[in-house]
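Read from first to last, the chains carry the letters A, B and C; within each, the first residue is number 1.
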Amino acid sequence: MILLQDVSRRFGTVWALRNVCLAVEEGTTVGLLGPNGSGKSTLLRVAAGLLRPTSGTVAIAGSAPRERKSRIGYLGHEPFLYRYLSAAENLRFYADLYRVDRTLIAGMLDRVELTHKGTALVRTFSRGETQRLGLARALLHDPDFLLLDEPFSGLDEAGSNRLPELIARPGRTVVLSTHDRSRAEEVAHRIVHLTGGRLEPAAGHPGPSEGRPV
Amino acid sequence: MRTVLALATKDLRAEARGKQVAPVMVVFAMCLVFLLTFALPPGALRAPVPEPRAGTLAAREIAGLLLWTSIFFAGVIGFGRSATVDREGSAADGLLLAPVDPAALYTGKMIGNLAFLTVAELLAIPLFVLFANIPPRSLLPGLIPVVLVASLGLAAVGTLFGAATQHAEARSLMLPLLTFPLALPVILGASRLTSTLLIKGEFGSEGRWFILLTVFDVIFLTLGAVTFEFVIEE
Amino acid sequence: MRKDPLLLTQQLLAAGFLAGLAGIFFWVPTEAFQGVAQRILYVHAPSAWVAYLAFGVVLVCSIAYLRTGDMRWDWVAHASARTGVLFTALNLVTGMLWGRPIWGAYWAWDPRLTLTLVLFLIYLGYLAFRANASDEGRGARIAAVIGIAGFMVVPLVHFSVDWWRGQHPSRTVIRPESDPALPAEMQIMLVAMMALFTLLYLVFLALSVRLLKLETDVMELESLEDAVLRPRPARYS
């Protein structure tokens, strides 16, 4: 379970997140909807352990994100790739860091349809290819918890259509942010809205709509 | 250990392709060496030991500091560039997310930086020998331990503060500002050892600088490994 | 209105320094070799002591901050670095003024003064970094690392400046502060000035910490304004 309890984050004088409470059940997918600047990225970064909350706590499977690093996959606005390494080399590097078998790399490249680009340097990649490789990086260690910040951005129609099956896996808990309501409804069991750093339950959406844990 | 190796290999391989760090260091070091050797009277260092001719002793006293000033500033430029490589594409965040000991991150990065610095030195030092008319055999063999121990110290400081200044305003200014006073013992030590070699052909009692430089290396490698997590976090 | 104890301390301190100045100029005997110039010792030595004390406090508070994450440690470390840089500057200036008549040059590469200059540069870098750090939390943590590194390098800088000049005969005619048997008045004066300077340091530290706390309070108030008054954007969907 991903559990955010009363999480706030301040940047200077601006509160990017205010008293956010969110519980994501094991094996479910939550879509995070909200306009630009509503705090979606901050929420995901805090959940991933990349940012410390100013107040409140984050728990992934009962522990701080820092203690669950090997079970968390995260893809942000930046792909976290090295431009002067090839696609395969980037994945090999992360495979070493996560202590994952290198033989999985070929299969992963295949899943994101980049096998033909395996030896090309990342700097030559298009926006969509970079995004797909970034996704491969986030999925490489088969994380139980997946946090995706605008994963559809840069992907073409076909790529976007393939994304749901790419990230789905029984037992995997996913939070993904997007500003595309129809895409969110397609993949998510539940949708929550973030506005001005506050979470509000989505009215009229099927499923448990309360944004706060009991 | 595998992680450290993977990190260092990543830096070296990206460098082999992108050439973002070492060439800048090399060119900068060569320019500085060229410029600063103008300070030496021509021929003052030609003989293996100083001649009674006026000025040759003083020239040797100066020569060490000229060489190490060049290496230090070339190093600082390179350490800054090398830290920037991790900032592009926010790869540093990727490292932070991975289940890796921050000490390993530091060590891997330090090894990469040490390699880049060594490349710069391998070109700058022979050039210095050439411009200053130093008989190569009188200096180079003795200089090897000096280069090893001093480069390690510079890389240790530079890796820590290269990463530390990445998120400051005016980072290209902050890095030399912070590293210069902290690395002063290394610059002074390496310079004095180099000058002593040029004057006496051996270290003699000045060999005590090796102890100081080694202590410096140990302190800063430890400090870097212990505090790197605070430097890269968030 | 209750009187601020800090203000009272400042008034007492002002009186103390007036008395101290009077003591330096009218009470303490003139040193035989250096003459009246030696009286600068009573400002020079205490400022060095306070500078070391201040940077030691930076070290301790930096370690405590990294261990606990409590911002108050960071305020004290930051405030102490500011104060330390001020007293290092005072030590450098008085050292140079003293050096001119005694050594014949403002800057005679005295190892101790050179060490002070290096410390001045290190902690100036510390303050410059703090002014340029874009993120409060990370800025404070990195500053703490600089604070720790800065103090650990002190013995090494000490040896290196000492050894560097070691092979030259000292240009010093008379080394200051080396006289083993200072007259009692001199010793008392020196101890009194040390105490006054230490108190001055504590007052500066308290004021500076208060200022840093106020800055944080103001920022939190402004963020409160942001939290309460910022209009909610239109519901997205």
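The working rule: a contact is a pair of C-beta atoms (placed from the backbone, for glycine too) under 8 Å apart; a residue touches a chain by one contact, two chains touch by 3 or more.
What you see is a predicted model, and the numbers here were worked out from it, not measured in a lab.
Distance from chain A peaks, on a Cα-centroid basis, for C. With centres taken as mean CA coordinates, the chain nearest to the overall protein centre is B. Inter-chain spacing, taken between the CA centroids of chain A and chain C, is 48 Å. Annotation: 40 Å between the Cα-based centres of chain A and chain B.
Once the centre of each chain is set as its mean CA position, chain B and chain C turn out to be 31 Å apart.
Counting partner chains per residue, chain C shows two or more touched chains at residues 137. Residues of chain A found to touch two or more other chains are 52.
Each of residues 233-234 in chain B touches at least two other chains.
Those residues of chain C whose C-beta lies close enough to touch chain A in the complex are 136-137, 219, 222-223, 225-227, 230, 232-233, 235-237. Residues of chain C touching chain B in their complex: 66, 118-119, 121-122, 125-126, 128-129, 132-135, 137-139, 141-142, 144-146, 148-150, 152-153, 156-157, 159-161, 163-164.
Touching chain B in their complex are the following residues of chain A: 48-52, 69-70, 72, 74, 76, 78-85, 89, 93-94, 96-99, 121-122, 137.
Residues 2-3, 5-7, 9-10, 13-15, 17-18, 20, 85, 88-91, 93-100, 233-234 of chain B touch chain A in their complex.
Against chain C, the residues of chain B that register as touching in their complex are 157, 160-161, 164-165, 167-170, 174, 177-178, 180-182, 184-185, 188-189, 192, 208-209, 212, 215-216, 219-220, 223, 227, 230-231, 233-234.
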